[in-house]
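Each chain carries a letter (A, B, C, D, E and F) given by its place in the written order, and its residues are counted from 1.
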Amino acid sequence: MTRGFYIGRFQPYHRGHHRVIEQIAAEVDELVVGIGSADQSHTLDNPFTAGERMVMITKCLADLDLVTYVVPIEDINRNSVWVSHVQAMSPTFDVAYSNNPLVIRLFEESNIDVHQSPMFEREQLEGTTIRDRMRQDEDWRELLPDPVVATIEEINGITRIQHVADTDKSGRADPE
Amino acid sequence: MTRGFYIGRFQPYHRGHHRVIEQIAAEVDELVVGIGSADQSHTLDNPFTAGERMVMITKCLADLDLVTYVVPIEDINRNSVWVSHVQAMSPTFDVAYSNNPLVIRLFEESNIDVHQSPMFEREQLEGTTIRDRMRQDEDWRELLPDPVVATIEEINGITRIQHVADTDKSGRADPE
Amino acid sequence: MTRGFYIGRFQPYHRGHHRVIEQIAAEVDELVVGIGSADQSHTLDNPFTAGERMVMITKCLADLDLVTYVVPIEDINRNSVWVSHVQAMSPTFDVAYSNNPLVIRLFEESNIDVHQSPMFEREQLEGTTIRDRMRQDEDWRELLPDPVVATIEEINGITRIQHVADTDKSGRADPE
Amino acid sequence: MTRGFYIGRFQPYHRGHHRVIEQIAAEVDELVVGIGSADQSHTLDNPFTAGERMVMITKCLADLDLVTYVVPIEDINRNSVWVSHVQAMSPTFDVAYSNNPLVIRLFEESNIDVHQSPMFEREQLEGTTIRDRMRQDEDWRELLPDPVVATIEEINGITRIQHVADTDKSGRADPE
Amino acid sequence: MTRGFYIGRFQPYHRGHHRVIEQIAAEVDELVVGIGSADQSHTLDNPFTAGERMVMITKCLADLDLVTYVVPIEDINRNSVWVSHVQAMSPTFDVAYSNNPLVIRLFEESNIDVHQSPMFEREQLEGTTIRDRMRQDEDWRELLPDPVVATIEEINGITRIQHVADTDKSGRADPE
Amino acid sequence: MTRGFYIGRFQPYHRGHHRVIEQIAAEVDELVVGIGSADQSHTLDNPFTAGERMVMITKCLADLDLVTYVVPIEDINRNSVWVSHVQAMSPTFDVAYSNNPLVIRLFEESNIDVHQSPMFEREQLEGTTIRDRMRQDEDWRELLPDPVVATIEEINGITRIQHVADTDKSGRADPE
């Protein structure tokens, strides 16, 4: 039995993420999907709560023929213990999937096998693009799986992004 | 659609928990199972990591005809924000299930509907009993669903409990 | 101009506290009242939030002929920086009033003048006694100034104490 | 009885803040003034401690015919629990006053009534302007109420700002 | 080159600790001495600051023919990342020395070699005994190396212990 | 006996730091070297762990005729208690050495004697220059003492810096 680990912030979960998971599904029996920065929400870069992201992801994974675990991972702000933190919050895994250089480095220093692929690279661009489109409420739906669109509409996610985009860039609730 | 929320520490997930969930399953369409004290592990009261508990629970829920979300909830040590913390980490829910008086009180002060039942009361006793039996390696298997027994054996959980039971009661890795 | 500093948890603010403040009022021009463990609430030992305690104290001090500042002080759990923490959260002060040996020690190691008096000693006993009476809803009103009684009744404080008194002694919202 | 809540960082409290509070005073019976980022100090953006800001504000509010509570609010760095955190530290309130989009959004998601007005908008600009003038020690006194000027001079606030303005922008005491 | 790691709280460093280190010195080329609970001080169980303990230990190790590193380790209150935390704060080491069952368990789960010996067992008893004697100022000097006695006298350590011993057992500066 | 305190991040310890310490050595009997941001590592600005930096510094100081203490200081992110935090983690000291304006200000507000000198100014520039050279693996060895070069090569430090330099500037292990 092989179990993989794939981490992202999923703000929001989009078609690029879904294609990556479909690709990983061919290589593993079970997959842990880690939701990074689980404690962050209501900012332009991190608009959605961990709970909202968990709904998005779980609904999208329902059709895959794969045992999945969706695990929120709170920030621990100390790179040297981040791998142990992930390992404690997640079911054990045999291989990690990431294209983030720091994540790769940290896993490798802990002797954990890491896989990367050119396909992953499109993720980051798409995340920023999607949030920019949401801010302007233009053509964002086509980049997201249907259950994600439904979740965002249910929680008035577009209004939230537009509101918080006006806040100062610290992204915290402490006005002048 | 009705979604329920049921929280426990699940150290470990046992037959009492499972009967409660079966009972709740009759009342809701979807269920969130919150793993409390997710950041605690390797003590006599909290022997298993959040990831280990997630495996136990997910394997046991697989046969239920119920959409479930398993959500680790780290301690936040500030009762006044605990409900908001839970709400941010969890998919939204309509009703909470608990017999813990503090949990009930906190949810009620936040105007969240809480259900309790006599059946829940057996939980706490069983948790302590099971860990005592594990410490002495006596008759603990019969109180746990099969996938939980398998998980504990795979991670050498009994040895771990016996080791940490010898430590001073602070349960922290700071010897004299 | 002399400014004093007097700290307590004020769970709740009672007649013993008030007599101490009346005594201090004769010695200072302004008084800072620090609300300790401001982040704690909803436990048997710390039933009330900082905001609730602030209302109790402010209402009781309104009749005194004394400039007062009521300052919530969150726990910092590191004795070595506690005095600096207090000094940053509070208006500067010339003398501290306390009968708690640790508080006295910490202030003295920071070369801050500390006053104590036999009168203060009754505080601690009274706090425990009052919460015990509240738990049983027996004769607690006579030990409290009228505005405190009014505040507690407005927030259903007795029900809250009775609820949380049933919880396990860890006082945290994480049931078995 | 109506109680309002108005939050700012008040670095420092200036005439713009005071005009806003005078305006609010016409609408409420009691006012809570929340001091945001209470744990921050000694940086260019947050030069003054919570205690220093509390003195500034309390002295300025003394002449108003309004019951006021001045409440330091430490940052909690987790937007999803920020409203609960504020509610626990503050006396209960019926309406919040803010022009910060994130604050408005967070209060609205918690179903708290929020008022905003064009008048508030001048706050932020003025805060930055005032600190810039302080850094150059030019014409800052005219923008502040007299008790604030007195407080800043008593603590040598201008020297402090000029010192910390030379530090690297992280604003932390960790030199290369 | 072999480097060992030996951790204790050293409240205070006593002759039992010193004998253990002399024994370890025969097995390694370099030794890291970790000061556990470095952030705790001014309580009966943890009377001395990390800095004070560092002086005690460094002075005592000066005569040993061994390269030593004295490393304060702050509590991280999360057993699952404790080993990573130690590894980040300490020079790398080949073998850990401990008789604490939890420490042994955590190192072993991270595949780190742990040595224990009957000699270590006397540590804990001696620590408690010494602090009890200090509290009563009776015969504590004979259990400590001379530089430790000198350090404790220089900081008036006995008075500190006697003061904090009178405080309630929570050991925190928050009086009733 | 005079003891000095000198703090830096030492990412890495370089010849400029060493010249400063040689200069200080003429003025004090003992020196505490504080390693700032001890909890940070694996970022472009803070590539090395506290433990790795402790080895670099200890090896370089071995030849000096000076009693030295090397003390990791974790960030506390609250300027108002930073001096107390340093004082608790460090042996007591009579004079601090720094050219960082914030550090100087904080020590002075606590009435601690601070020395600065033109020589210190070169530190910051050199730190950035060295990390830039490491990123490109060009001529970095000549700026570092030999034991530091050896440590960096032993831990494959150049590869680590090059990896993390590719990560987004937040420097945290949470990819899009």
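Simple rule for what comes next: a residue touches a chain if its C-beta (ideal position, glycine included) is under 8 Å from a C-beta of that chain, and two chains touch if they have at least 3 such contacts.
Since the structure is predicted, the reported quantities are computational estimates derived from the model, not experimental observations.
Two chain pairs, B-C and B-D, are compared here, and B-C has more C-beta pairs in contact (counted per touch definition above).
Annotation: 25 Å between the Cα-based centres of chain E and chain F.
Computed centre separation for the pair chain D/chain E is 44 angstrom, with centres defined by C-alpha atoms. With centres taken as mean Cα positions, chain E sits 35 Å from chain B.
Looking at chain B, one finds that residues 39, 41, 49, 78, 80, 87-88 touch two or more other chains. Viewed as a network of touching protein chains, the structure does not reduce to a path, ring, star or complete graph. Those residues of chain F that touch chain D in the shared complex are 7-9, 11, 36-37, 75, 77-80, 82, 98-106, 109, 123-124, 127-128.
Within the complex formed with chain A, the chain F residues making contact are 39-43, 49, 160, 163-168, 171-176. For chain E in complex with chain A, the touching residues are 76, 78, 80-81, 83-85, 87-88.
Residues 38-39, 41, 49-52, 54-55, 58, 67, 69-72, 74, 87-92 of chain F are the ones that touch chain E when the two sit in their complex.
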